[in-house]
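Below you will find the structure I want to go over with you.
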Amino acid sequence: MAQCVTAFKSMLQARLLEEKLASLYRAGGRIVGGVYIGKGQEAFSAGLAVHLEKGKDVYGPLIRDQAGRLAFGEPLLDTFRTYLGVITGPMRGRDGNVHRGRPREGMPAMISHLGSLLSVVNGMLFARRLQGRLGDSVGATSLGEGGTSTGAFHEALNQAAIEKLPVIIAIANNQFSYSTPNSRQFACGDLLDRARGYGVQGYAVDGTDLTACVSVFSEAVKRARAGGGPQLVVGSLLRLSGHGEHDDSSYIPDQVKSSPLGQDCLPYAESQLKASDLITDEEVRKWKDEFLMEIDAALAQASKEPTPDPFRENWRALSTAGLVEGQFEA
Amino acid sequence: MAQCVTAFKSMLQARLLEEKLASLYRAGGRIVGGVYIGKGQEAFSAGLAVHLEKGKDVYGPLIRDQAGRLAFGEPLLDTFRTYLGVITGPMRGRDGNVHRGRPREGMPAMISHLGSLLSVVNGMLFARRLQGRLGDSVGATSLGEGGTSTGAFHEALNQAAIEKLPVIIAIANNQFSYSTPNSRQFACGDLLDRARGYGVQGYAVDGTDLTACVSVFSEAVKRARAGGGPQLVVGSLLRLSGHGEHDDSSYIPDQVKSSPLGQDCLPYAESQLKASDLITDEEVRKWKDEFLMEIDAALAQASKEPTPDPFRENWRALSTAGLVEGQFEA
Amino acid sequence: MSMTYLEAIREAQYEALRTHPSVFLYGQDIAAFGGAFKATKNLSKEFPGRVFDAPISEDAMVGLAVGAAIEGARPIIEMQFADFSTCGFNQIVNQAATLYWRTNTSCPITIRLPSGGTAGSGPFHSQSMESLYAHYPGLVILTPATVEDAYWMLLDAVELDDPVIFCEHKFLYYHLKADQIGERTLPIGKARIVRPGRHATVVTYSAMVHESIRAAEELQKDGYQIEVVDLRSVKPMDTDTILASVARTGRILCVGEAFPWGGVTAEVIARVSSEAFHLLDAPPMRLNAKDTPIPYHPNLWKSHRPTSSSIGDALRRLLRY
Amino acid sequence: MSMTYLEAIREAQYEALRTHPSVFLYGQDIAAFGGAFKATKNLSKEFPGRVFDAPISEDAMVGLAVGAAIEGARPIIEMQFADFSTCGFNQIVNQAATLYWRTNTSCPITIRLPSGGTAGSGPFHSQSMESLYAHYPGLVILTPATVEDAYWMLLDAVELDDPVIFCEHKFLYYHLKADQIGERTLPIGKARIVRPGRHATVVTYSAMVHESIRAAEELQKDGYQIEVVDLRSVKPMDTDTILASVARTGRILCVGEAFPWGGVTAEVIARVSSEAFHLLDAPPMRLNAKDTPIPYHPNLWKSHRPTSSSIGDALRRLLRY
């Protein structure tokens, strides 16, 4: 239950952080590119990551995993530095927003092509096992329900099952992929029905309910650590935002928005945890203040840092400097 | 039950035809490229195709579907003309062996990349429906169990399910993909477990048992015609040959070969049908003689026909002649 | 009433749907939502039952299109971004591109690739993929640079009996406007001289046409008359128009936004130097993006691709020779 | 004791496994079976637990390799045929090729592509894909033409900290033999002059090196001395060696087995004409396969790709100029 509190704090922090990012986006000028947030999906995201140990486990977050990133221990600064594109960040202005990561520290940096991260996480675990240093570490990654339609995801999930890799796959079924409703994305009753076809353990969870998420992922992570192979967790929820901040999500019917799927996981978690006397109003207020200060400080810090300079950029895509050619142009 | 006899005849014909192809291959010199046969899989292949109507239905055969091709009505000559690479055949020496087809006549010509045919069959049905001429026609295609690991197959099966297309997918689980045993190809108990995850109807069948195959496919085709959407049929069997004629399949353990999976569907079907008084020894003998004569005649015919002449070849990959460039070389 | 490049693409699809009952549209979020860029806005309402949302399955999207084409349909596939077409790559180059050659069955499909860089879009939403597809036999690769070409060439693409990779440039979507769409002028396969000149030729296509024109205008101030040739279609490539221009100017710079190794600019220069060697008064030059993924930060992005200023610099070097 | 090109590839993998504990092999049918071509014969026995059969999942095969590389492994991936790498294309060009640039994490993977045409193999078992991969930043593309290069360059590939596309030619698998493997001679990135000459230069790579040598031998009979340059690595490309050769001969023909649009030959000719224009005594020429899929029937196949005879013809035209 301590994990619920930790997860809640990451959720709160993520919400505040993403509100800041969204407002910077709306203000224009400072954020480079788009802003994609995870509002409404924080419980499901943090509910997984809170069980992972940085330095030991692998975590491959996707587009709506700000809360999970924070729960895993990604520094706030990495977020701002990436969104602002400054060279001090992990992506050094070369790639942006949700694509950030630190692969050698167990956090691969997603590419845009949906479904293609799972096999990379598989490979990290596979290599560790070969090297005899897997121990009881696990890997975890997430994907929207739309991403399950990619061939890449299928191949990778099947691969994980064959190799019996300790990987937890969190499918955030938020009912829409961009504007596309589930009826145009798959035809099975429940994505959970897929688990059996891969020979992996499956779990369903109300993705708006933090305590449910924390406990389902706790079980899934435990089984993966114990050698139970891949664990597929499908959470039902809604994103409470546009696909990106440019999108008003008007295609989501009001009826869906006002259904239980549309419950906002953050106030719900707050009330749950308060009801269980795990947190107090005062604590929440204090955390909020702290987080806002940290957010402002991180933003201020990142804002001071240098943006990339094309003349100082080395412009090389190979790590072997000797093999880099000139620009082949006369 | 009349269909069992028809199917049996195609099986017998296919077996004799492929024996001829294999012996031509071993003799060397006349067959261009490799020879891939369907020995042991004839019942499963013909058991599907016997329910299809040429000119009305779509049939996308794969690598081990000689029997199905014959049951669907592919002329013998198409086979020899393709294997010999003569210009009178449907592929005119441009592509060969199992890649032959006549797309506009409802038989798309597979490319080598496994899994990529199903979405093409989907598209044929999808277009017919749009054009208002689908009626109760169906599409059918097959794939080895190894092919189910491709992303292409996953995407296409999901697509068929979303569009509720009348397509029958026959998975010939012959336990090996080339040399790779199922334990390295998937981890579910039974590939049938996949059906539910796509929201499609699934069937299991003993692929060595013709009457079982005919009746399972009869049901599947009927449901597809009636608007029941995709039907996934998984047959268990063994190929009783190498992957291609260059391969001795020594990697298949004797124990597997001598298991019920290794039952040769052809003599088994013969004995079944005889026991039911559907066919007689004499008929079988007569068919054999007829088929052998037809095979010899087709081979003789194809052998007389011209092989491609590079100087008469138009060397253009576009149907719009005006857009074809020269060879861009000075 | 003016029309943007993006609107022209919508209008062309409207017209294709209106005039060809065999046309349908298939792509992610293109039906009710009208597409990530709104290139199919309202079309699903205007043509009920002919505009379909696809799952996130680029491979199956292309496969379905090929199957439909076999049955006489003329599907238009929208890739949400050109970059995601890598996931449908196999079906494009091996299924669609070989169908006619292998089976004598034509394959009239159009695959729309929202292509090219815009500031802040980064490595996976900025790619120019024309060279990849042009390398494979059996495809026609169109790269419209103007509002009118966006309109007419898309209609032409739909009418062609061959698979067309339609590379529409995202940077031009909103930036480029035309007062109206005139008559169809050039057929597919013909390049256009967008600016006559006599001191040097710039051969280019898509968004780089506009950067090149700006560079040419700059050089005009110094008295140089730069001819700018818009390829329009990179495969087939209108070698005749290129050579005729080089015959007039004696100098060529080829500019492309794609990665530098191989591709359109190499093909152009190879053709020119093979076929018009004696017409050249100076070594042919080319200018491409840099040989790294496309950077996210605008500071880097602006240096990664050619711009009017780097094109101008290259031209000055070419003219000095 | 002689060794074939194919055996050299097996031996190099043996040596890589022996000397680098971080190496493992992953590919379809490569473990107990030893691979479709037997390039990994016995390796699973000799190195238990380090050679793995993969499912028919090219995308996931490459993804796994990238993940393993992040953790310090040096995987070698075997594609059963180069042609099937289209199904892993996205992971190669967008995941593997961008990793270092995006995240400063090196990606030491080697992807073996059994490439090129052999009689009767047809459109989907014959492709030469070096140009596709070379177009994308972040990859090293090797194309060994000799038994020794097959051996040493594969070892080099494994030792490189970058993703390598290793295009081994199936036609050379059994045809090419060497008496022994000598010392490592040239580093990656250096071309080799395999035959000195002074009348014209042929720049080529992979199987076409041998066709070109035969053509050169033919022309020798008429008194022409043709220099043949084997690129060995098409990216990076050793422009210096090419230019030095052109400086000696004044004439260049570039020969490749791949499709004609863009690609290696266009890149070579574009570089030579841009950078060594004044060294050329004749227009540069190139010779590629034809612009159709690769035909199945040997009659067609022999005319589709360049051969010693078509190379000889091209050279005569070049020399006549």
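Which chain is which? They are A, B, C and D, in the order written, and residues in each are numbered from 1.
The rule is simple: a contact is a pair of C-beta atoms (placed from the backbone, for glycine too) under 8 Å apart; a residue touches a chain by one contact, two chains touch by 3 or more.
If you're wondering where the values come from, they're calculated on a predicted model, not measured in any experiment.
The minimal number of chain-to-chain contact steps leading from subunit A to subunit C is 1. Using CA-based centroids throughout, the chain positioned farthest away from subunit B is A. Put simply, the C-alpha centre of subunit A and that of subunit D have 40 angstrom between them. Distance between subunit A and subunit B, defined via averaged C-alpha coordinates, is recorded as 44 Å.
For this pair, subunit C with subunit D, the centres built from the Cα atoms lie 30 Å apart.
In subunit B, the residues that reach two or more other chains under the touch definition are 91, 94-95, 99, 111-113, 149-152, 155, 158, 162, 184-186, 316-317, 324-325, 328-330. For subunit C, residues touching at least two other chains, in rising order: 54-55, 57, 59-60, 83, 86-87, 90, 94, 97-98, 101-102, 123-124, 137-138, 235, 261, 267, 270, 274-275, 283-286, 290-293. If you sketch which chains touch which, every chain touches every other chain without exception.
The touching residues of subunit C, when paired with subunit A in their complex, are 28-29, 32-33, 36, 53-57, 59-60, 81, 83-84, 86-87, 119-125, 260-261, 283-288, 290-293, 295-300, 302-304, 314. Interface residues of subunit B, counted against subunit A in their complex, comprise 149-155, 158, 161-162, 164, 183-189, 191, 193-200, 229. Those residues of subunit A whose C-beta lies close enough to touch subunit D in the complex are 90-92, 94-95, 99, 101-104, 108-109, 111-113, 116-128, 130-131, 151-152, 155-156, 158-159, 162, 316-320, 322-325, 328-330. Interface residues of subunit B facing subunit D in the complex, by the touch rule stated above, are 32-34, 85, 91, 93-96, 99, 111-115, 146-147, 149-152, 177-180, 184-186, 251, 307-311, 313, 315-317, 324-325, 327-330.
The touching residues of subunit D, when paired with subunit C in their complex, are 83, 86-87, 89-90, 93-94, 97-98, 101-102, 123-124, 131-132, 134-138, 235, 258-259, 261-267, 269-270, 272-275, 277-278, 280, 282-286, 290-293.
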